[in-house]
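Lettered A, B, C and D in written order, each chain numbered from 1.
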Amino acid sequence: MGQIDMSKYAIRTDLAIEAIEVSKAKDGIKSEEENVLGVKITRVDLLDDGIKLLNKKKGRYITIEFEDVTDTNEKENVKEVFSMEFKKLLSYLGINENDTCLLIGLGNQKSTPDALGPAVVDNIIVTKHLFDLGTVSDGFRSVSAISPGVMGQTGIETSEIIFGIVKRVKPDFIIVVDALASSSISRINKTIQMTDTGIHPGSGVGNARKEISRELLDIPVIAIGVPTVVDAVTIVSDTINFLQKQMAYNKENINNPANRLIDPSCVDYTKEEKDLSFEEKSNLMGIIGTLGDDEVRQLIYEVLSPVGYNLMVTPKEVDFIIEKLSDIIAGGINVALHKNVTDI
Amino acid sequence: MGQIDMSKYAIRTDLAIEAIEVSKAKDGIKSEEENVLGVKITRVDLLDDGIKLLNKKKGRYITIEFEDVTDTNEKENVKEVFSMEFKKLLSYLGINENDTCLLIGLGNQKSTPDALGPAVVDNIIVTKHLFDLGTVSDGFRSVSAISPGVMGQTGIETSEIIFGIVKRVKPDFIIVVDALASSSISRINKTIQMTDTGIHPGSGVGNARKEISRELLDIPVIAIGVPTVVDAVTIVSDTINFLQKQMAYNKENINNPANRLIDPSCVDYTKEEKDLSFEEKSNLMGIIGTLGDDEVRQLIYEVLSPVGYNLMVTPKEVDFIIEKLSDIIAGGINVALHKNVTDI
Amino acid sequence: MGQIDMSKYAIRTDLAIEAIEVSKAKDGIKSEEENVLGVKITRVDLLDDGIKLLNKKKGRYITIEFEDVTDTNEKENVKEVFSMEFKKLLSYLGINENDTCLLIGLGNQKSTPDALGPAVVDNIIVTKHLFDLGTVSDGFRSVSAISPGVMGQTGIETSEIIFGIVKRVKPDFIIVVDALASSSISRINKTIQMTDTGIHPGSGVGNARKEISRELLDIPVIAIGVPTVVDAVTIVSDTINFLQKQMAYNKENINNPANRLIDPSCVDYTKEEKDLSFEEKSNLMGIIGTLGDDEVRQLIYEVLSPVGYNLMVTPKEVDFIIEKLSDIIAGGINVALHKNVTDI
Amino acid sequence: MGQIDMSKYAIRTDLAIEAIEVSKAKDGIKSEEENVLGVKITRVDLLDDGIKLLNKKKGRYITIEFEDVTDTNEKENVKEVFSMEFKKLLSYLGINENDTCLLIGLGNQKSTPDALGPAVVDNIIVTKHLFDLGTVSDGFRSVSAISPGVMGQTGIETSEIIFGIVKRVKPDFIIVVDALASSSISRINKTIQMTDTGIHPGSGVGNARKEISRELLDIPVIAIGVPTVVDAVTIVSDTINFLQKQMAYNKENINNPANRLIDPSCVDYTKEEKDLSFEEKSNLMGIIGTLGDDEVRQLIYEVLSPVGYNLMVTPKEVDFIIEKLSDIIAGGINVALHKNVTDI
């Protein structure tokens, strides 16, 4: 199948947790998991050694995972957990309660799957102008917020707009919110990532821009992202993996008389630890069964790209989900930033 | 792999053209193709015999296919071809220039991929109230329009709302516009189907409702649909087919010295007529390579469904595309319905 | 100044409370006032005799008045009072907790000052489809909802659409929500009226349509309205009244040494009971000061209409206010209709 | 009536043409009028002497006046005239066809009467990013565009955001688009003003911000504005003036037998040149009839302000009008800026 040019089919993910899984890297990674209110929290520190391996910058990555934000109860739980973890991150970064904040909502307000950032800006409590006027009460912090748009709307590199504004506003720290690309269908709209490593606007969807980071701006930059889109290559390669996992599960369990009464259409086979053997894979999927994950992705990429079908897609309920996610993130940030805001 | 329960993974398509391709049916089908302004037109008559085979009602199905409605020139061409074909269909159905029309835009205005119908209603020239007042000039027809919403918004069966209104308004014929599900990634947002067989609101996405049709309403019902969503099963099974086609193409062409200078990433292999042999398929894809299309779809369905990953998705540019498509359809209908409207 | 043709400048109001004030009628009117949580409630029963005088149908009119729904605390109080009064009205009309409800949101979603009805529909909990499916839990009532649009969008008389739907859905009672015209600048966006007398779609803005009422539909029809627009004639005639009131107040108070320390720009002179004498009015405002309210309105109408300046206007904050008002009304109705909804 | 504090009731206008009319100033003003396609164009140069008198900066002010942009034909005419005048202004300012442009849309996208600027940005053809990539064809100019939001959304002085961006983008000239306040009900949504004197964001509605001007940015700044809101004081004082004009007109014309057949409700009395005598005014309107325009405005301001009724209002059709106006301005600018854009 010819020589592999890895750059063509780089995994499009901004999630450190996904990059770690895919790379199976272990050195230079400190990681802990916790479950709170049914929400799974993973805190990862990438130390120097881990950087190259994962194509991720060193720093702290906190991921919270959940099932369904359109469920009212679950949504409230996610908001509470997100706010708590966000507060801990502020404290880890040495940010004080009077430090001033600029929140930047990246993305295109006119394109629903890309509108998370602007939607969060719409729901953030801004106070900087009140501080400037001297009319703000105790328990609030100076917060400003902006949606700079995307290059296709403005004609301007988004990082240029941000650098220009940061120079005038001079915040003590920055929060950047963006919609991301996922490299797994299982995480779309089900994961929020926070990191202190900043962000490359547009990096998740393959059009890299200049980064927004502490290195370039000399102040802490917290990036908050949710994967809202996925490409067809990922959908197909995930499905091939799921197929192998299901077969492995069935082999283990189906002939076990204890499982006779379980409806197979309800089984969550993804927890299956055992894998198919090389021979079983080859039997099931021929040459494709014998390829590594990267090779499978490359192959699918080379099938779909020439005919224009490597679509970047989003679940059809995207309007409702962006609404709920922006409410969670803006609400969680409002509580974390202002002592006097309690109605999460 | 157990016995096949076909009902579980029925192809989710409202496009007759797709159903015909998939079924490979030929009897009872009269079909012709034409290319106008770079737009492909397929006119199909399903006669009695073809009905059961395709799970489609007998009647006329006109499909127009195009590449990219965000291209300004192509968009204008599509609008012109659509309007012409729509006029021919009116004439085929014996609809006269003074017959009154009710246009119904199905779907949920708040959900972008489902908002095509309401967006068309927003751009339709309505005149019935002017006829009622006697203040309308020559060259116009009496047209009314309504977006009844979806059951999740109203709590009411959409067909109930429509029947209630039709009974009061008493139009001579009805046009129904809806977003559909596609059974091929190659047709999403690239096809408009018109048919005189009516519509089942919500049928494309698996939640069948009562139909809107001539049989039930006693007047012609023209349904206009565009596939805007596709499920993950379809993305995966399409990709498996594309993989086999590409391999067949490569086998034929790659060792041909004449093709050495062609960049493989630009080749459109989908026109390849030759297929892989059974042995080649089995070699490439193992057991899966030996399954029929239906069996592959069933298998993928059974992999993705238990874990909740048979997502229904839409391309991430959905906002812009719905805007263009609704402009094409509303503009084309306005010209076709009113003699005095010429600015297509 | 010629003979007065009263029909030309009829007060454009749907508020019974305004009609009563203006007409100064007393016979055939039973009225009581209450203050709850800072919100003023007025309950009026128009008995037969009062009808003609006020150009209002006999029935119950409940008005709640408040200052500023963009104030978070006041908004919550208004919602609670509204919900309570709405519940009392249901009970007064003999509506039981299992009676099925159809809510109709009149108005044009695309025109902000007219979008109150559709915005309420967007926030109503609908359940009829769940009852039809048998999947609804205790403590809920069957509720459906629809936004039929306006005649300029649909080409259809709105009452025709509603009658058609009511015939199919067969609710036990109807709630109609609409934006109204006000005949006082002091009530715009500061008053909610509920009545059991039904509604004339579009009546408030001078383009009368067929009414939606118990008489025509044989079931209770509760109309809920908020004045969101006012015409220039009203702004001018209100100002002339305010000017006279202020002068009367100043005459009484300005020379009173006790009032020397009051900043005149903060005085609420509108409570002033005393009026100017005829001579004082004539002195202050010449011929105009000697005209009755109706004559003043007529005069202003005849000045502004020929040159097209009798604008119908809305406060510039209309987007934010419609959002708050629709939240109050939908939230209040949800709690009143469903026993199990408590988060008002 | 006490001593007059002029600052309290300064005329809220950004239109030079209105300021000139009200002030009746003549010295230091060069002015010419023209009528093209039914659109009235007024070009005014304020020379040094005129500045203080009018509270306007010296510079060129071009005003185009029209009746109804919801009329399709008139809208096209206005667009053509606007584009022509805008091109002349570019040329007058010595701006060349390759000079780069930054367009700034002031105002709040979420507040319809204030959304003109952002709506123009949405419809502007931006090209700067294509120039940066080297992929732009001949006949285009480098254009970028941004909607910085308002201080209530961002917490940041809008001028700070703009200065920051200008410093990075370094355009050769700037266009600023904003919704304005009018000091006459006759100009709302019926006037576009262009000027080379820059803009004070928010100045029209009384909350002055730092200005965006050539003096501060060292490049030409063209400000384009449309009055979309008016306060109640203006509505009332305009009406009082109209009343006097109508009376003066009637005195001249009503007893003239030649006018017997004219329907008084259709007469445009505003062209009447003759005024009422002092005695006639006093007779008609008492003390108020004897006050100067400024005194009348002050009086009304002092009546409406203490009770909170000096509402800033907008015509109720605001949604449709902002849509048409933004199409006119963006379309006109696109044609004026890019040689290759002709479809106005």
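One rule holds for everything that comes next: a contact is a pair of C-beta atoms (placed from the backbone, for glycine too) under 8 Å apart; a residue touches a chain by one contact, two chains touch by 3 or more.
Quick caveat, the model's predicted, so the values are computed rather than measured.
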Touching subunit A and also subunit B, the following chains: none
Inter-chain centre distance, subunit B versus subunit D - centres from mean C-alpha coordinates, in Å: 48
Chain centre separation (subunit C, subunit D; CA means) in Å: 34
Euclidean distance of C-alpha centroids - subunit A vs subunit D, Å: 46
Shared-contact residues (touching 2 or more other chains) in subunit C: 110
Pairwise touch network: line, ring, star, complete, or other: ring
All touching chain pairs, where touch follows the definition stated at the start: A-B, A-D, B-C, C-D
Residues of subunit D defined as touching subunit A within the complex: 110, 121-122, 126-130, 132, 142-149, 151-157, 160-161, 163-169
Complex contact set, residues of subunit B against subunit A: 110-114, 185-186, 188, 229-230, 232, 235-236, 238-239, 242-243, 246, 264-270, 282-289, 299-300, 302-307, 309, 311-320
